[in-house]
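Sharing a structure below in structure tokens format, with a few things to ask.
All chains are identified by letter, namely A, B, C, D and E, in their written order; residue positions are counted from 1 within each chain.
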Amino acid sequence: MTTSNQSPAAVAATSSPPPVARVEGRQSRRRQVLDAIAGRYRFVPVVLMLAVIWAFFTAQDSAFMGNRNITNLLVQIVVTATIALGIVFVLLLAEIDLSVAANSGAAAALTAILVVNHSWPAWLGLLAGIAAGAAVGLIQGAVVTQFGVPSFVVTLGAQLMLLGAILVLLPGGTGQVSLFGTGIATLSSTYLPPALGWALTAAGIVAFVLLRLLALGESRRRGIGMSLVREVVAPGILVGAASITAVAVLNSYLGVPLPVVILFALLIVFSYITTQTRFGLHLYAVGANPDAARRAGIPVARAKMIAFSLAGALAALGGILAASRLLGVSASSGTGTVLLESIAAAVIGGTSLFGGRGSVWDALLGALVIGSISNGLDLIGAETVVKYVAEGSILVLAATVDSILTRGSVFARATK
Amino acid sequence: MTTSNQSPAAVAATSSPPPVARVEGRQSRRRQVLDAIAGRYRFVPVVLMLAVIWAFFTAQDSAFMGNRNITNLLVQIVVTATIALGIVFVLLLAEIDLSVAANSGAAAALTAILVVNHSWPAWLGLLAGIAAGAAVGLIQGAVVTQFGVPSFVVTLGAQLMLLGAILVLLPGGTGQVSLFGTGIATLSSTYLPPALGWALTAAGIVAFVLLRLLALGESRRRGIGMSLVREVVAPGILVGAASITAVAVLNSYLGVPLPVVILFALLIVFSYITTQTRFGLHLYAVGANPDAARRAGIPVARAKMIAFSLAGALAALGGILAASRLLGVSASSGTGTVLLESIAAAVIGGTSLFGGRGSVWDALLGALVIGSISNGLDLIGAETVVKYVAEGSILVLAATVDSILTRGSVFARATK
Amino acid sequence: LLVAACGSSGGSGSSSGGKTVYMLLPNTTTVRFTTQDGPDFKAAMKKAMPDAKVVIQNAENDPQKQVQQVETAISGGASAIVLVAADPYIAGGALQKASVAKVPVLLYDHDARGGPAAAQVVFNSLSVGQNQGQDAAKLLAGGTTAKPKVIARIYGNQGDYGTTQYKKGQDQYIQPLVKAGKVKVACETYTPNWDPAKAQSEMEQCLTKTGNKIDAVVVMNDGTAGGAIAALKAQSLTGKVPVIGGQDADLQAVQYILLGYQYSTVYKPFKLQASKAAELTVQLLKNGKIAKSDISGYVDNGFMKPGVPAVFLPVQDLHADTVSTLVKDGVWTWKQICTGATAATDTCKKEMG
Amino acid sequence: MSKETAAVTTAAPLLELRQVVKLFGGVHALEGIDLSVRPAEIVAVVGDNGAGKSTLMKIISGLQPADGGEIRFDGKTVELRRPVDSTALGIETVYQDLALCDNLDTVQNLFLGREETSSLLRGARLRRADMEHRAQETIRRLGAKIPSLRTPVGRLSGGQRQSIAVCRSTLSNPRLVLMDEPTAALGVEQSTGVLDLIRRLRTEHGCAIVLISHALRDVLEVADRIVVLRLGNKVAEFDNSDRTTSSDQLVAAITGISAP
Amino acid sequence: MSKETAAVTTAAPLLELRQVVKLFGGVHALEGIDLSVRPAEIVAVVGDNGAGKSTLMKIISGLQPADGGEIRFDGKTVELRRPVDSTALGIETVYQDLALCDNLDTVQNLFLGREETSSLLRGARLRRADMEHRAQETIRRLGAKIPSLRTPVGRLSGGQRQSIAVCRSTLSNPRLVLMDEPTAALGVEQSTGVLDLIRRLRTEHGCAIVLISHALRDVLEVADRIVVLRLGNKVAEFDNSDRTTSSDQLVAAITGISAP
């Protein structure tokens, strides 16, 4: 009402009066921080949550932070993290895979039978198991994409069929295969010599920094300003410190366990693929808007089939690692809590159930959260009820934090 | 290219040449049929599938179609159908509830303890159980809507907590409660006298036809032409014939079982609510486009909370019916296959996982499909493996048929 | 808060003077482990070695979780582990872990294949099956080739170690009768996850198929027995068709036995088992090994030769006239048993006055 | 009520915005906007892409609450945190992205959130026939081309959907209608229909209208006042009650190229 | 190649549609449409809402295959069943509903499906810096206002998003660009930018353009030929190479009210 009814001449542009400017300054800084946390720095709150959990359990029992328990913890989460890694891929594409646990059991049964009963070499059995898992994933992906059936249903059905397959695979009389003394068993009992552990770590850190430097150089050559500190130095120090600490701890016990090496190798490879390559970018595009992706000529069906195959292959690997740890397979392989825990790990880590948002590192972080709680509660001898309630509430809590952080950002769900 | 480069005068409107007209005629009829099946007549393929399953098992063992087995079948599906009915509501809103099974177990445990250990009257215990289930659902709905947390995670977490709650609820020393001889047990052992069965059926059919006639009259008064045959006569005959046959079969054995009466009463009430009332319409709106619904002033959060409460209440009722059938509750209540079967029932029945499409009758149809398979396989004494594979493949098959039917219709998923 | 209370009770085993014993249970669905064995063992240890701390863990049916719990027990400074294998078939990993860390493992109840263990306190699974089979044979003796007794057999979860053993034991008695044509098996089926509700519908289908012409039902545990009885109840066949072969002496099963619906349950005196286990644990803690004199046999676990040194405890086959054993052993009180319909049985009237 | 206010054209403002601010992360979508709309007045808001027009409208409709400033309606300060808040005041909105429920048909979408039902005693049933009848009327008056009122709107063309959104906003006898580019997808005839509708809303119902549009010709034709936004600021305001503002003046204000 | 074809304006048609039919259930969206587009020609398609314009375009772009009829490109009969089929022929499309990935930023959306990468040997890495550089160029030339190339496009205004969609269609040196109401959400300046772009595409690259628009003034200004659809039929075609067609003629053909 102040400026209305004036002549058809333009009113001078308003310079925002002081009070508004104050609001802006405060609000906009807070918003920017929230935006960063919702996006690039999504891992920060998860890491904080992890720190709180660790501090809590260490206060309860100092053994929690011992070299030995840290080694345990890392080995314990490998199976969940490996399977969760596959889940991240399907979640990125806004799909779900409920068959991973059964798939992991079936693949482990297959590998065990090939290695034990048919005397295949361990590596060949391992490959065969992984290939079988990938094939199962591929078939599911094909049904999902070719007929447009919701993956929830396809993978639920596949889960039942795979449970049947495990019963068929396991030798009739005994219903089990022991892996004791086989090559598969050594998978989980091998530790890297300290020197090798250090060498791999050093190589990894150098590669990381070089890649970052390369990207920085390219940008600057194109006249796009990027900060050396923010893009190279800070991440380099962070990654370096974290990995050096971890390796030091592991080496002071038995060395870096082979399953942990496998997990990190996978994480690094898939991290490169998802963030640096065209295929990776397409995963995010398909997950956010499959229609737009298809119109842009991205082979949506192929991307989904690859994701399901990856989930299948990683589930198989996870299952074989689990069998190697348990020294056998039986009808209970592929049941239990592994399905829910690996999905929960991906989600707690920060991968969205609605597609298009997440990172392969979420699998690791989420598995660490779940694994730490379970490990810590076991260590302090909590009752089953406490465990149920603690695990359930951490899950809800983590997701609540996530959705509060991402609320109002483009990453939020359409609406609530 | 034939009509190009003409003068700026308009070319006469083309009357479609003969060949095109032919294509149109054929194609458009097929499309119209497909459209009808994808929409209003979505139940037709499910009923056909059911017919095939029944024919198959009847050929295997004629006892399958006996009065007694039909009675068995109906009683066996009541629990799944009741819980699936709740699932339909959350699925309509594009949410999911993974806590229904645990919720049903917890509610049954609560009811059992109140009735047996605290000597509450059965009806009060029943109400308390249902109220508790609804409250649990409401809390979950509140977390989902107030913090925007994905329901997958909230209900998964709640499931864990509820499993803990069951352990706490069950009396320490015994871990189980027997319902033998209590009022709760009579819930599932009561059969209506034949005359009462007939009376209820007649009332139902008359109400149905009257409602339809009323709607027809209103439309005609407003000058909107609607076919008497298509809107009243045909559905009336269909519904009448189906219910008369069913009651005749049940009456020729022991009468209509009380749990079946309860299920149908629920179905009829909720069918009215979802199709005839404003709240029901809002459920579909919220499920399809929560954003549009919110802008239209629909209380989206409230609708979701009501749906979750309904799912909780129905799960509780289902759990109590299950306990009544089994004559007891224990720590295994709320585990088992009931969760997956009730979700599968809703989906097989035709309710979409993506919101906005489905009907309460889907719960019944889907539960009938799953129940018939399980009943038939038990009857012919199939092996566990066969059961797994049969259930898994029917699930996938049903969903595939659904998605092929709805493909290209507005009901399809955005894209594949 | 709860967590804090539990954790602070004993402090860390590795740092304090007292020894810590971890008891690792398999699941929460087999009621006896959480309601009986755990508390009983704890109590027995308290008596035998008051300064020892007992931590009880539950693997929630997940063998993977159980290995993890073994590892945690080791890093938590366990001096001994009492293990009820979550899946006897794939317990090897857990056993190897403990053996590498030189923590002695006492197997409790369940077998555990594929690794070394110090000893096992066990009710022989095979003998459980044999007991169930014997009961069945006794009841079915009246069958003739002309008029064979018709039975329904409801097994446990397919692929389970227990299921395999119980079936083997039952078959030793039932198969000869079947071969001789005196017994006819009308239906046989496995029950996924021992789910009582599944057992109920399996039984319903069997009754439908045979038109109620069933003379007896042979099951493998009390949960599935309960499911079968619920199905029989709907046909008013309870009491007419005996349900044979429960085990675990669940409260509801005991009530059914008194009501005459269930013929028997194999009772494994949990208290005895717990106190025996405590006794052996103390030996392990004090001497690092178990006295030869206590060993009454060996259990083949596919790893140790000649087998895991075992203390076999006698199982008891309970019938209506012998359920008082349970009260004597303190498993249940008459007050717990004699509720609802059971209160009207003669036994209850007598006991409750 | 609406009849009364229609007569009083020089009355106190119906809607008043004072120093309204909206931020998105680093982006200042609105940097302190003042705006007032009198009863039965047609106010146009124009500006370049990203100027903040839709944001302004979403604040008034309660979809995206403001980060600062004050909103007064009918002289009273109001809090608009949710769409219902503004609907309750009699404010209706046509959104730029339409927001229809694809699975519902035209009638259901038109009446969404304000369905007519029979009394609770008579079963609280939806009065489908009545609604369908009214829908037919409204659509006919707007001249929109909808093939069937019973087809799910997911199947309709862009323009048909926009027509439905426009119809929707007029059904409840609103006091203020916000329209965000209501003719963007419309054909020539339908656009004319909407402009007529806007005039009718004002004259027949005394309804005020805030119109956002890039079609300057239309704006100059119907608007009483034209507000120009640039990069989140109000840079000009033209009194167009006599329809004399020139297109060039407007363009200059929008782009900021030649001084006014 | 594009340079050559640019010279030959009277050459054989680049795209030819013969008796193309499309049905949706009972709705006959297109009832036998003939259309031809010559190289470097700008053809406008106009018509009422629901006339079938978008459907026609989606058939050419391979998004919704036709139910009958023949499509020829470069004189050869082609099957267009998926968007890639038409992209492979050098056909680019700006859809009415835009279809961008909200979680990706401007650069990623612009290059989606045709990202530049280093060689497999060098790690098959995305050449982000190069793409960002080219994106800046293109956007600058169009005069679009995008606050930051690194913001996810979900945060941009309607017009900003449309600008990105238009930019996208020009990046790959296409032979034919289909634009479905590309200026509907654009401001005055940006609209002019798009019309300039259309002309430049034709003259500099010899690219043909099919333009769907309700803005008849723009159509009359840039189109060489104007095709009018009504209820799924082609009812008129105007040669506008000398820019002499009148707006009234066009409106008459669209609405079918006054005989031509």
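Details
Note that contacts are C-beta pairs under 8 Å (C-beta built on N, C-alpha and C of every residue); 3 or more make two chains touch, one makes a residue touch a chain.
Because the structure is a prediction, the values reported are computed rather than measured.
Minimum number of contact steps separating subunit C from subunit E: 2. On a Cα centroid basis, the chain most remote from subunit E in this structure is C. If each chain is reduced to the centroid of its CA atoms, subunit B and subunit C end up 39 Å from each other.
Chain geometry summary: the mean Cα position of subunit B and that of subunit E are 46 Å apart. The multi-chain contact residues of subunit B, meaning those touching 2 or more other chains, are 163, 167, 291, 294, 384, 387.
For subunit E, residues touching at least two other chains, in rising order: 24-25, 155. Touching of two or more other chains is recorded for residues 28, 34, 158 of subunit C. On the side of subunit B, the complex with subunit C involves touching residues 61, 63, 66, 68-69, 72, 76, 116, 163, 167, 172-176, 178-182, 188-189, 322, 325-328, 330-332, 335-338, 374-375, 378-379, 381, 383-384, 387.
Residues 24-25, 27, 47-51, 54, 96-97, 144-147, 151, 155-160, 162-163, 181, 184-191, 214, 216, 251, 254-255 of subunit E touch subunit D in their complex.
Subunit E meets subunit A in the complex at residues 61, 63, 82-84, 87, 93, 95, 99-104, 108, 112-115, 117, 123-130, 132-133, 152, 154-155. The residues of subunit C lying in touch with subunit B in their complex are 28-29, 31-32, 34-35, 158, 187-190, 192-198, 200-202, 204-206, 208-209, 211, 223, 226-227, 229-230, 233-234, 250-252, 255-256, 259, 332, 336, 339-342.
Listing the residues of subunit B that touch subunit D in their complex gives 215, 218-219, 221-224, 272, 276-278, 281-282, 284-285, 287-289, 291-299, 356-357, 410-411.
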